[in-house]
Amino acid sequence: MILARVVGTVVSTQKRPQFEGAKLLLVQPETPQGEAKGTTLLAIDSVGAGVSERVIVVLEGRAAGEALGKKLAPVDAAIVGIVDQLEFVE
Amino acid sequence: MILARVVGTVVSTQKRPQFEGAKLLLVQPETPQGEAKGTTLLAIDSVGAGVSERVIVVLEGRAAGEALGKKLAPVDAAIVGIVDQLEFVE
Amino acid sequence: MILARVVGTVVSTQKRPQFEGAKLLLVQPETPQGEAKGTTLLAIDSVGAGVSERVIVVLEGRAAGEALGKKLAPVDAAIVGIVDQLEFVE
Amino acid sequence: MILARVVGTVVSTQKRPQFEGAKLLLVQPETPQGEAKGTTLLAIDSVGAGVSERVIVVLEGRAAGEALGKKLAPVDAAIVGIVDQLEFVE
Amino acid sequence: MILARVVGTVVSTQKRPQFEGAKLLLVQPETPQGEAKGTTLLAIDSVGAGVSERVIVVLEGRAAGEALGKKLAPVDAAIVGIVDQLEFVE
């Protein structure tokens, strides 16, 4: 899983039917210190995350489909937790 | 999933039989701001996307096969939505 | 699998139910010589690893779910071993 | 999938039995314009590709195993099409 | 699959039980010309490879588990062949 911050939302009407009702969020991967690092991704939200929150993102289709509650859904990333606290020892 | 723009098409006649009838598009990954970033990929289209449209691409074989409607198809990327609107908070 | 060092912990209360009871650790990928390299990741601990220990991390959902003992868990990385000894021939 | 060019062959006698009879080719990922980009990979050929041909490579174990006709084969990349024509709009 | 060279061994006593008896080798990805490129990885050996040998490494959990002979093992990389001969056309 990776640390990321929710940085936006995406609306798509012409899409695969399994996405109906799914919340699609833009997430920016971050270092433990909170610096943006790497490419912005699209993830299915499964825990009620909102813009600017720090989250845990799982990057894998099977796992993301599980988070969406649709095992066969065509997804590859999902927000699976909101970060409350992070302890980092450099 | 990633944001990308459709930038071309590919024709292949000598190919795996499961690709018959599948539309294969060249997609260029993009940042939320619309700048090209990373390597151009080939994705199966499952939503009727056309050249120059901004799309959502899923990167995973199981998910892509699902989008193609052939679970065992030898694919690893599929266009699963067309982006209508994107809100990005930096 | 990759070599990594445990560099912290993450607490998340709003999360997928399958994470209940799972220990989520921050791991920093390392070279065989022990230099940090690449992005810090979040991994499920399945072997009792602690901060500052050198570990083996598996990067794949199916494998990580297996390590967690929940095949359908939405995870993509797990600590599967603690490194006792490493012989490196450059 | 990615665009690549076949740049060589590899012979291995001490190998997993499922590789018996499989043609293993070196493929160099390319941009749509035909420039080499990224690391040379090894892919199973499933469409009769030859050295110097431009091909479509699928990067995923399940999909590659399907291309090889052995679902449980230990492979992660396969050539699934030969490129006849490519239209690229920058 | 990728080309790599075996550059070391790793010993781990506190590990997932499925690793019992598995030989865990450090492998350095290489270009066809034999130059090191990219991050050193840990791979399960399934073909009797030794330090300094040039090998073929499969990078995927399902495939690696197959190579280990334990489909559900928490592994993501395996040595599946020893390179005897390589022909490379630049």
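Chains here go by letter, A, B, C, D and E, matching the order in which they are written, and residues are numbered from 1 within each.
As a convention for this text, a residue touches a chain if its C-beta (ideal position, glycine included) is under 8 Å from a C-beta of that chain, and two chains touch if they have at least 3 such contacts.
Quick caveat, the model's predicted, so the values are computed rather than measured.
Shared contact partners of chain A and chain D comprise B.
Where chain A touches chain B, the two copies mostly use different residue numbers: shared numbers make up under half of all numbers in play.
Centre-to-centre, using mean CA coordinates, chain D is 19 Å away from chain E. Between the CA-based centres of chain C and chain D the separation comes to 31 Å, rounded to the whole angstrom.
In chain A, the residues that reach two or more other chains under the touch definition are 60-62. If the chains shown are joined wherever they touch, the resulting network closes on itself as one ring, and no chain has more or fewer than two partners. Listing every chain once round the ring, from chain B with chain D next, yields B, D, E, C, A.
Across the complex, chain B meets chain D through its residues 7-16, 18-19, 24, 26, 39-43, 51-52, 60-62, 65, 72-77. Residues 1-3, 29, 31-32, 37-38, 46-48, 56, 58-64, 66-67, 71, 78, 80-90 of chain C touch chain E in their complex.
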